[in-house]
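Down below are the structures I want you to see.
Note that chain A is present in both complexes that follow, paired respectively with chain B and with chain C.
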Partner chain A sequence: MYDSGKIIPGIILFVGLFTFPFWSNMGKAAPAPKPELPKTAKVCVMDTAFMKTEHMVLLNHWRDKVVREANRVWLGPDGKEYKMSIQNGCMQCHTSKAKFCDQCHNYAGVSPYCWQCHLEPKENL
Partner chain B sequence: MNASRSIIFSLVAVGILVCLPLIGVAAGMTSFFGVIIPYLAVALFFIGVVARVVRWARSPVPFRIPTTCGQQKSLPWIQSDNLENPSDTKGVVLRMILEVLLFRSLFRNARMEFYEGPKIRYASAKWLWLGAIVFHYSFLVVLLRHLRFFSTPINPLVHLLEGVDGFLEVGVPRLYLSGLLLLAGVAFLFLRRVTIPQLKYISLPSDYFPLFLIFTIASTGVLMRYIYKVDVVSVKELTMGLATFHPVTPEGIGSLFYIHLFLVSVLFAYFPFSKLVHMAGVFLSPTRNLANTNRMVRHINPWNYPVKVHTYEEYEDEFREKMIEAGLPVEKKE
Partner chain C sequence: MEKDRRDFLKIGGISVLGLSALPVFEALAQGKDPKAMPDPRALQATQWAIVVDMKKCWEEQEKRQCKDCILACHKVHNVPSIPDAKREIKWIWQEEYKHAFPDQANEYAPEQVKDHPFILLCNHCSNPPCVRVCPTKATWKRAEDGVVMMDFHRCIGCRYCMAGCPFGARSFNWGDPREYLDPQQENPEFPTRRKGVVEKCQFCAERLAVGLQPACVEACKAKALVFGDINDPESEVRKILAENYSLRRKIELGTGPNVYYII
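Moving on, here comes the complex of A and B:
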């Protein structure tokens, strides 16, 4: 091999950079998040699978309805009427932001801008 | 293969690659497509690229063959261009940095045009350079953004990148520009190939296949984020399992994710054996990474063998008597 003084450091640099996900997690456990489910209610406004992937779209839609159309009532697919509100809707059942919202959001590295307008609940944990 | 055949061949190949995980996951082979294939692909990627680089490094480069387009360094009062015609390591390093980061040789691209009868002119053609910059940098941003699936806690630099990438704050989840630019870049590079006749003529399946593969990877990614969303938390459990060598395959991840993952694995595995390995090769291009010192330094060919020579003196010693006899002039008389 020619120029091994340049080739070998180059290869080491390449492997070192590209294996970042492997060595940066070495010896670290990454437990899956466990959001605390409400004890009072069994069903959410939509089913779990939908809420897991589409809750942000639904909340965005609610925001538009409330803020732009001053409409606070949302008719769910089950025919029941729900109040479109974070504090008086969602958080009536999902009482803790830290134990519910933040669990998955922190894990997936998402920082939704809900709390730029809404008051973040003060929690002593 | 002609152009339309190459395109159809590549399309069919990508189509089959899309179908494989679709069928496999439906048949319950999640750990095969979620764990075994990605590990194999990554192993093949590293071994393949290193082997390729070592193979390149085994070829001797006895002479300096840089492509130059500036004045060579010669007499001190002649101004030389150390960037276009580097004479030392500093010039070479600068030239390589500009080449690798800004694609300077594409920027210099020129197109020959005919005008007003048989007159020729050379026009600058920057579209390839622009397309390449858009494609490569948006791909890099997309790749780095994916680090959020491979680390906990996530590096703040990744969040910074996400913030810049999604600065328009359009929609929920926030629209990332890099995803759209990547698709636009690949689409441009493809259209360029099929609309320019000369380029179409020299294009092979190995040119179309990576473009289609990357286009499909990017579009499945975009679909997963904005339209047919997958459960990101389960996806991260899977990717973190891969990164920490404790692989898990959580239930209920959509098959779109497995298509995405499988195509990325194919890209990684295909990488060292295709034109894509220019990622490593650009650093080893002898027309770029050598200083033009052909006249300043004596370069000895490493495969030179001792040549048997027969000098004139030896020749004369051998034939002196016969030369004198024939009346030929000799340098040494006895």
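Moving on, here comes the complex of A and C:
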């Protein structure tokens, strides 16, 4: 091989630089989010698995039901009635946006625009 | 096992019947699914209306510069007070006779009428032009009770409705309204708006839904504001209108305003 003295160190250097992001971040994975669950209530408006993956769909559905159809009471699968409202419903149990919503949203790098209009609960941080 | 044609048709028929019953079973089974429903306390009407007795209102205005209805409304709905008149947000406000009733403003009207401001708000028209021009259906007239509603989520801020409304009942958020709201004074039960959204009075739809009268009506100590169903001959608003001559704003435009004034 011609110029193996330059090519082989070159390849090693290239592979090293190319994989830099991988080995420099090794073992430094961001910790999984730990949203703080309410202590006052044990059940949500739907089951936990559904809420984890589909809460945004449910919120959109609620928005249409409340604003456009004036249906403001949610009859959950457990037969309990809930106020269909972020401010007067969700955030009454999930009393902290920082400790609940933001935990996963920050981890996933999403910034929902709910809070541009809806007021978050006042926290004494 | 031998099957003749008769047996085959019998079994076939029953099977088809069984299949057609499947959707019925599914529909019945849905009874357990979660669902949204109205609050049983919600107030019902076919067309809400407000009668403003300006004589009572002016008495309170003279006594103590009363603005109770405006303060109450703007407090519960987190309406910011923006000093710049070009950017102000108003759901219920005061206006002079000649501006409120430009079509009938009489130069020689009584001093009391000419000198005292009227209380104006969205007329919740029977034929609302703002609704016709809205390209996104962010504003619409509720078929059940005639409230001209706003869906702030859907408003794209094109301001067609503001051009369409002949009553100036709509305001546009040129900037973030929260800059003009005191966080300590905000009503935590109602949202604010954001930049680029149009807003207006919604006859307190969120209060009607839980059986409460609009905030302005509740706040008026002089009982100058009366709220009720204009299509119900037994309602208080109809009784007042039957006994008093009333005005409505710009009726010649044919929008059918549902706010009545007694002077």
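Convention: the second predicted complex is superposed on the first by the 92 of 125 C-alpha atoms of A that agree within 3 Å, B and C clash if a C-alpha of one lies under 4 Å from a C-alpha of the other, contacts with A are read in each partner's own complex, and residues count from 1 in each chain.
In this section, a contact is a pair of C-beta atoms (placed from the backbone, for glycine too) under 8 Å apart; a residue touches a chain by one contact, two chains touch by 3 or more.
No experiment lies behind these values; they were computed from the predicted model shown.
Residue contacts after overlaying the shared chain place A:P33 against chain B, while chain C stays out of touching range. When the two complexes are overlaid, the chain among chain B and chain C that reaches more residues of chain A is B. By the touch criterion defined above, A:P9 reaches neither chain B nor chain C.
Only residues 45-46, 62-63, 65-77, 84, 87-88, 113, 116-119, 121-122 of chain A touch chain C when the two sit together in their complex. Residue ranges of chain A in contact with chain B, taken from their complex: 1-4, 7, 10-11, 14-15, 18-22, 24-25, 28-30, 32-33, 49, 52-54, 56-57, 59-60, 104, 106-111.
Residues 46, 49-50, 53-54, 57-61, 147-148, 150-154, 158-159, 162, 171-173, 229-233, 236-237, 240, 243-245, 250, 252, 280, 283, 302 of chain B are the ones touching chain A in the complex.
Chain C contributes residues 32-39, 42, 78, 140, 142, 144, 149, 151-153, 183, 186, 188-194, 197, 205, 209-210 to its touches with chain A in the complex.
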